[in-house]
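You will see chain A twice below: alongside chain B first, and alongside chain C after that.
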Partner chain A sequence: MKLLTLNFVTCARKSCKTLPAAFPLHPRDAELEIVEMELNPKFLVNILPRVEWQALRTVCQELGLPTLPDIMPVQQDLLQPPSLPGRESESQEGEAEGEGGSEEEDALQKPSQTAQDLHRVLLETTIANGKLVCGACGHEYAVKEGIANFLLPSHMV
Partner chain B sequence: MPDTEQGYGAEYEHQHVHSVYERIAPHFSSTRYKPWPVVEKFLRELPDGSIGLDVGCGNGKYLAVNKNIFIVASDRSPNLVAIAGQHQPHSALVADALDLPYRLSFYDFAISVAVVHHLSTEERRVQSLKAIFDSLREADASSNGGRALIYVWALEQKESRRGWDEGHEQDVMVPWVMKDHKKKPKDADHVAEVPGAQTTHYRYYHLYRKGELEHDVSEAGGIVLDSGYEKDNWWAIVTRSATGGINHIDPPA
Partner chain C sequence: MEYLVRFAQVHTGFHAAELESLASLNGIELEILKYSANSPFCIVWLASEESARRLISRSILASGIYEVWGSGNDYATLHEDVLSRTSQIRPKYRKSSFRFTVDGYQGKRSQASQRALIESFSYLGFDGPIRMHNVELNICLFEEYQAHAPEPERVFLGRWLAESSRAAVTKYDLKKRHYISTTSMDAEVALVTANMVQAQPGKLVYDPFVGTGSLLIACAHFGAVTIGSDIDGRCIRGKAERHIVSNYQQYQLLHRYLDGFISDLTHCPLRQTRLLDGIVCDPPYGVREGLKVLGTKDGSGKEEVIIDGVPAHLRPNFIPPKKPYSFEAMLDDVLEFAASSLVESGRLCMWMPSANEDEVELEIPTHPALEIVAVCVQPFNKWSRRLLTYRRLPDADIRDETPRAKKEQAVGAHADELNRFRKKYFEGFKTTSKDI
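Then we have the complex of A and B:
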């Protein structure tokens, strides 16, 4: 399950869904896997405002991933090259160096390091195996081979 | 959960819908690749960046339609979800249509294609619609509410070889014939071995009569923005809010 998806789901029990503690679900014993995917800058720009940033930060922290900034990046952070060198120095790999910029349209759409980092966290980082635990009722949902299972045992329905 | 009305309910659906799909998943998937035009149009016309649901996604054929939106797809059958999960950038998970793990009042759209008709009582069909509508974003000052497209099999199928039409029994068992079935199923009570290495699986369907989908939608608190009939199916585009979306209604396709 992608971390982006985890940001859009909650406990499946009706009695939990209105409770703040049922979101986000908390990963436990999670085995992560990177599933590479083409970066689509427009898609990221469009999706980002819908992400519950604090929930994403919580989940990343619980998974032991690098800490995300306190405040959600804005559109400009995604489509322009980072203006402050070293800001994302941890994950800099030298790929972001310009290759001429022959087409201005393309240059505008060029993903920044921030965009690449977010793409990696939201869309490529997946929970391959483990559990997702509801903070309200404590129920554990299993994740196996990347697929989360939200079926409830009949006594919980 | 206790069964209601003539022994129908969750247990009945488990036996006559879920376990059947689980067995026929690979075969079913290889025959389900062509999207319905109404559904395809609905998905293509969504603004880029829309976030939505595909409830009862099956093999995920609608996940291939638009890559500029994000769909969280779900199905009761893990075998089908494993196939659906291959469509990037979307996501697929296993969930029951009556117990959806989705944030309330959040999603821009939802589709539910050929799913609600597998629920065996009216109460459960209305509940499943309500679960979908509850997940849709409510209308506010700046935007219309989220929209759901619901698609169900029609009782009125004059053109089809199945022979159903107005006046026919609406709760039916529909055969699914699989050739060269290798393993003999464990529970043979609803599976008939047919000579020539064929196995026939029966799936339960509630065939919707004209006007019934609109009725169920309204029972579930939805407002029909548009509805119609497309090749043996009834469909409706629905919003949950009294104020959202009504000022703009698409003409029928």
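Then we have the complex of A and C:
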């Protein structure tokens, strides 16, 4: 499970969903893995406002990852202004087939260091095995081979 | 300008809806001037050739788009129309290399007859070389026949502009996919669903009944990042080398797979906030795939079970009990979930069955925060299913503020009692004797 996904989930119990303590879920005995992935600047820009920054910082701290800045970067921080008028061809954007849209304008903007760091944390750092613990009820959700299981036993439904 | 969209004569119930969805996705103004489900030729109005190319580039049901050079109910009127419409255009192509083909619907002509037809357009005055490939001008003559009629009922002449994404249907053919199940969605319909949900680069699309990932793969093809969950962990984990991830790998789409997790829609762990750009789903109808949620049939099991001093649910290989659920309640849950988790103008595409006999009193589930964009029907032999497309309204546009009455959970514990569709399906959609 990627840290972005972890940032999107709370405890699945109905009685917990509204409680502040049920989010974020706290990783325990987590085995981390870096799975490299192509950087997708458009996606990062789109998704950034949906990330709960403080929760992400907490989780990174609990996992012993480098500390994130106090304040969430804004979308403009993700794209560097074009460095030189001579445009470099950014191959990763062009390859996607069957997609209309404004590829040209993206190719002019290279992802910034901030974008690369965020990409590493949110999309390449994954919990391969371990547990996710709800801070409100203490229930543990198992993560096995990267797949988290949010099914509940009948007495918690 | 008028353009002709050449559809493949399949899934006719989706033709117009797909075009409209692609127009809205690209911010293109589109007017459908002439369309009938009985014809693969659709005449539309678009502002420019560039819009025409963009509109069609992602289409799955169309094969291509053409600039209309003339139309008529017979050849005399067609020639007249072509002469008047192309007087300005023709001179531009005088020296161009060109190709001229005939495309008939429900009627075919011999080579000789095709040639004679093409010759009858010699007044266009093209002197360039004739080629089959890499031509500057690609002209097509379309003929539409009524079944077994000797002469076409409508004829069109058009200049080819652009190809669609129809080739993807072959690329994603389920027969060539490594990991599928009985409920995997056929590639063509899945790709159309991805067009309806407007999957595109940068967007996040979720499938709460992901199964083998067939809908999400189609969304990933169009550039969206995808995330899925299922109550049945076996589909997500797969077996050995065959699982959802291997499907993404097969098409080199792994960079658009965010995650898969195991959960039940009625107890979904996603934060209840506007996280998603699109939701696609084909909820289990309770026929091939059981329709179940967490809980027990008789409401028992409210006590924690301890085995050897360890709570049973924390032991490895614990399988939580599940109970049958009503399909109508499930659809309602999907809508409720979509209303709370889609971004503004985000779309929900949901498949639902409806027995043909029920057609009259078909209930399309509604929600005050969701506007119905399209209802497309795919008929089968004895039943049909529909693809419902909804758009999340901006909060300011939601008129009905009254809280919704939650659909009453049907009484009963058995799958048949909870699910009328399942019951009908297994009865073979028989009409009761008093109806005859």
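Note that in this section the second predicted complex is superposed on the first by the 129 of 157 C-alpha atoms of A that agree within 3 Å, B and C clash if a C-alpha of one lies under 4 Å from a C-alpha of the other, contacts with A are read in each partner's own complex, and residues count from 1 in each chain.
Quick note on the criterion: a contact is a pair of C-beta atoms (placed from the backbone, for glycine too) under 8 Å apart; a residue touches a chain by one contact, two chains touch by 3 or more.
What you see is a predicted model; the values in this text were computed from it and never measured.
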Practice task
Label the relationship between chain B and chain C on chain A in the superposed model as either fit or clash.
Solution key: clash
Practice task
Please indicate which partner A:N46 is in contact with in the superposed arrangement: first for chain B, second for chain C, both, or neither.
Solution key: both
Problem - Touched partner set for A:P153, first chain B, second chain C, both or neither - result: second
Practice task
Mind working out whether A:K2 is in touch with chain B, chain C, both or neither, as first, second, both or neither?
Solution key: both
Exercise for the section: State whether chain B or chain C is in contact with more residues of chain A in the superposed arrangement. Expected result: C
Exercise for the section: In the overlay, answer first, second, both or neither for which of chain B and chain C A:D70 touches. Expected result: neither
Exercise for the section: Report for A:E140: first if it touches chain B alone, second if chain C alone, otherwise both or neither. Expected result: second
Exercise for the section: Could you say whether A:F23 touches chain B, chain C, both of them, or neither, answering first, second, both or neither? Expected result: both
Exercise for the section: Using the touch definition from the top, say if A:T10 reaches chain B (first), chain C (second), both or neither. Expected result: both
Exercise for the section: Of the listed stretches 57-65, 93-101, 129-137 or 183-191, mark the one in chain C with C-alpha atoms clashing against chain B. Expected result: 183-191
Fill in the blank from the handout: The shared contact residues of chain A with chain B and chain C are 1-2, 4-5, 8-14, 17, 23, 37-38, 40, 42-43, 45-47, 50, 123, 141, 145-152, 154, 157
Practice task
Would you tell me which residues of chain A are touching chain C in their complex?
Solution key: 1-2, 4-5, 8-14, 17, 23, 37-38, 40, 42-43, 45-47, 50, 52, 96, 98-101, 123, 140-141, 145-157
Practice task
Mind listing the chain A positions that touch chain B in their complex?
Solution key: 1-2, 4-5, 8-14, 17-18, 23, 37-38, 40, 42-43, 45-47, 50, 123, 141, 145-152, 154, 157
Exercise for the section: Can you check the complex and tell me which residues of chain C touch chain A? Expected result: 26, 54, 57-58, 165, 168, 200-204, 221-223, 225, 227, 229, 231, 233, 236-237, 254-256, 258-264, 267-275, 277, 294-296, 300-305, 312-314, 318, 320-321
Problem - Touch list for chain B against partner chain A, complex - result: 1, 10, 48-49, 51, 67-68, 70, 72, 74, 76, 78, 81-82, 85, 88-89, 91-96, 98-104, 106-107
